[in-house]
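Report on the following structure.
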């Protein structure tokens, strides 16, 4: 393939002293080229296997000649029923909500190999994840201390952690929206919504914890590939990922709190309905009995002959209603 | 700006031997001045970034020339529907409670930089947080051991931890109030109240744990900036923050206990209502049936012709009521 | 004050070689005297502050010249509605129970300072907590190894831990009593009782964990004030406190199990009632309908003219009842 | 006492080189003799106190001259209403079950003191716990490596751990039995049964965890009393106790799962009953209304005079029933 | 036995330099042969006991001359009612599902002994578990670094961990299927299904955690039997097992989420039914009362004589219906 040939020419170019070579690989379908890169930089076969396997758990490995990172960044799925159209959907039309799905993520796996003066990044899809960094590098000279393969790796990691913040910010808005909907309009679609949120947060929780481990191991590792003057930057990413974890856990607690409120308010509402309805029918059942009694066809029923029998029957029924209302009120049922 | 100029003159003043220079910055809007301060004391750019970013998690960093603290103290929001007016609100008018909000906090981020003979404190808003300390310093001479940048830092930390106590004391009162309301007046507004409390306590919980870490790290750090004779003071703040955590956790347990009582007492009350109402209607339904039978218009119904048929029908109905009441009593339903 | 003068004379007395001076302070109101004691033994001002502050968390501090303990022992409150009268209360009169309160504790804070040959104990109230130890000392000579400030401190700690056992034993009796009441007489007063128990156990749980820490730190500390031959005694107190914790946790698990049984048995009982009542009314409603049909006043209703129409109506109704009963039985509802 | 004298003669016998002296004490009532044993082997008074106190928590202590173990083994109580008669009980007669109690345990406290060439075992009751080991010793010569006080101690510990397996096997059978009963016959007696199981498993859980600690400490201790070649045996007991813990935790999870199934299936069953009954009564109520209308006695009711009025009323009622059935079916209620 | 003789000849063959001898034992019934193998390789009796005991917990032991692994791999049971036929089963026929059982596992215990140049694997049943590895070895030469007893052990472990993935993949499909069924068709069979899943996941959870420990201990052990160049392979298995654990925990969380959705949607559905039915009967009860009133047989009932009395009665009843509907709508009940 011509692409591969082009690559071969490029890789043959000598790297000037003090420079860092950064190879970005987008998409993992061209196994042959990736394999060549691996052999050029003498990457261990197990590591190359990890690069190509897109169901990896985030991890950090310190090898003799290079460091190996596997990370997964979340991206909001751009589907027609995405979150941006949802909120209005609920307000305008409740039925519309039923089939809808909450904010969904897809995770993009990124492998980073950081050598002495080279960095290789492998992105699962063709998404141009690291464009901002590339642009900044192309635009101008970075200060002296912001050079080196380890600083570039820090930048790549930081950008990936930032994607968690973006996703969490969107979730934060959705949670606030749900919270309001909870007051206005509790119902099964909302319940389904809350459960979908809970599940998404579970996935995020599972995704973010190993990232902390990865960055923690990187910070603690004493490889010569990570210069001491860049430790402070690593601690900064570490702080960010802890903030992400904090946020995820807070959201999880909030969402389960919402679930509790939902369930108890739905059950309270229903039981209020039942109580009122039961009181109404209970009020009328004895009255209907009285009416039934005077509807009987016995030949000898003295009341039926009385002049004011009919009015007395009404009086009796009213008295019964009043007694019952009093009793209910005394018991604080109404 | 003239303010900045003034500041430049001030900073140019020589610091006398054995003295500690304390710069208080209120509000983080004047980025330019803050930047100048940073450059004057040779603060690392990442640290300055942290100072200006007000969504930081509490943290402690030990750098070569100074120590860096980020802390967040809670303050009760002074809104018209604050807690102070609430209790009476519930007593007087139940509907008033519905739209009300429980005790809310805002968090004030404070960054403290503690150098060899200087301390800089950055407060997020213009709130005069450290007035009591400033007054104490201006009023007179502190004993010898109560001098030095590390002792001043201890005082600032202690004051911030005290704000947690103030907030928790107010919460304690509110919880006691809720507990009484639970006996007198359970209902959905109370439920919402309890849930809001739970959420506030969740936020407090998330806010207070990292503070413990911060102070613990400060106590354990072996920087020359923290003199051994002041360790005892640090342990004292550490004790305070553990007491705060204890209190928060106790309140959280109390509030979830209240939630359980609320839910089970509401459901018990409702089921009692339903039972009594159902018993009443069950008593009358068979009677209505009897009345219906003798209301039928068949030509040949011997009972209708009997002299005492009507009274016998009454007798039958009374007997049925008595049997049912007996049955209910035997089953312990009434 | 003459008391203070008396104290000054006492403190001036020389302490004979090999003896341990033990000063007991009951009540913390006489701040002046306490202050004098502090200055006499050169206690650090922060420690004296802890002694006077009665909302301390249990803690242990090792200082150069002395050890500092803060502990809190529980005492059953002696109120008219105490636990001793309660059990019978439930049996005799259920309404009496409603306003009653379960076994309540108050905590007594005790600070102990243990120097080389002196021990000072500060008790929050005027309760004569350490009378048994004082009596044992006054009564006779203790064996050689049972002397020294550290052994006396061990004895004071052991006595305080014993108070947890006393309180837990009373709780154990109450739990057994509740367990029986659960079978005989479930109802809201019992629920409230169980919740109060749960809360008391929460307080005990919070109180007992730091005590373990205190004694563990004492055991592990390598101060010269704690002689090796007394380590075994400390391990003994440690064992006791672990037993206390075990007991508290077991009781907490038992009480939540009781809560679960209570809730599920109450709901089962109610649903049984509802089912039977609903079956009764469901049986009669179709019958009432039949009676209603033959109560209609149409001119042309052939059944009404039949010779045995009335008996056929009865037959129809009986058949309906039998079919429904069969259906219910087939479905295992009755 | 002659028994004591006999014992004194025995103890006076010289122990031959390379032999291990094993003293078994059954029952702790003869305090005097136990005291003598203690003094003979120079046991610390605190240890002797632990031996006599039968409410000890399992523990391990390494003293200079001997090792001290306290353990508690479970035994199924041999009561008339034991588990063996229970299963059939449920099948044959449900009422019989009500008063019955699930498999109960009693715990037997055993203290073991292991010296250089002597072992003393104290069993709480007169139960002959270690008969199998005694028999094996009396029967023949054990191989060289299976001698020594430490190996004997291992055997005693192993036998005690085995008692947990026996009890757990019985529980496993009972759990399987309960699981089947859950499908066939859910009801309050089963609920009580499940709760009793849960409680028994809680007690087992509390009993088995400290045993792990005890054996772990024994394994890790570097006393000269525990020879390295016997470490493998200890690891074996350790494996056994971990298996016991695993089993207990699995059973606890299974039992709480059963509780959940029980509660949801009972509530589902009840709600199904309620739904069908409510549908029946809802169907008849409008019909009864129609019958009531034509039972009115107005003088001018044209329908009453119609030739086919009666049949039209029937037609109206049938139509209503069909419409309602259709509506219910469309809503998937029936 | 001839088999044993054959084995004896085989074992007598000298092992060539640099080769690894691998003995596979299928089934543990031939205790005699297994015993001979044990004696030939000088395996400790306790280890041989573990090999033969098939209720072992996964474990790793480092002995002087060899390493000992006990592992348990899950296999889907091949029963007629296996998962593959189930999904359609639910779609076609709901009753069919009732007696069905969710995906069940059996665990196969495998013991591996890894010496300097020999490996022995014991498989519980006659299942040919390691066929793929045997085939790969027989097919051709492995590269130099992929030789040695430790690499073979790694391969055996990896294959066993892969079986967890196979089982989990099948579970993943089933969970997705359940999730869809939850929307279409909630009911007690589904509930039972979910609970069976929960239990299977509990067993998997209990099975997979100790495997992590085993592999972790192997990785950390510093035995000379495990060459440093193979550490990377071990870390790879470790990653796999952590992924398995992650998956199991995610599935457990998903399944409990499904349980919650199931319960709340069933209860919501039921309460909706009850509400509508109750509203219908509540609407008709007052109407029936009115009809009953005009069905009374009093001689003096003026309304009965009115020209339009009958129509007025209808008007009254319609008005009552409208008022009630309005009231219900105002309360948002319908």
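Should a chain be cited, it is by its letter among A, B, C, D and E, assigned in written order, with residues numbered from 1 in that chain.
Operating definition for what follows: contacts are C-beta pairs under 8 Å (C-beta built on N, C-alpha and C of every residue); 3 or more make two chains touch, one makes a residue touch a chain.
Computed from a prediction, not measured in an experiment: that's the story for all the values here.
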* Asked: From chain A, how many touching-chain steps at minimum until you land on chain C?
  -> 2
* Go through the assembly and pull out the chains touching chain C as well as chain D. => none
* To do: Would you kindly state whether over half or under half of the residue numbers at the chain A/chain E interface are used by both copies, giving same or different?
  => different
* Could you state the distance in Å from the CA-based centre of chain B to that of chain E? -> 41
* With chain centres taken as the means of their Cα atoms, state the distance from chain B to chain C in Å. => 25
* Residue numbers in chain D touching 2 or more other chains? -> 267, 274, 278, 281, 285, 288, 292, 295-297, 301
* To do: If every chain is a node and every touching pair an edge, decide which shape results: line, ring, star, complete or other.
  => ring
* **Ring of chains, enumerated from chain C in the sense that reaches chain D first** => C, D, E, A, B
* Structure fact -> Per the touch rule, the chain C residues reaching chain B in their complex are 44, 46, 55-57, 59, 61, 188, 191-192, 195, 198-199, 202-203, 206, 259, 263, 266-267, 270, 273-274, 276-278, 280-281, 284-285, 287-288, 291-292, 294-297, 301, 303-310, 313
* **chain A - residues contacting chain B, complex** => 232-233, 235-236, 239, 242-243, 246, 249-250, 253-254, 257, 260-261, 264-265, 267-268, 271, 274-275, 278-279, 281-282, 285-286, 288-289, 292-293, 295-302, 331, 333
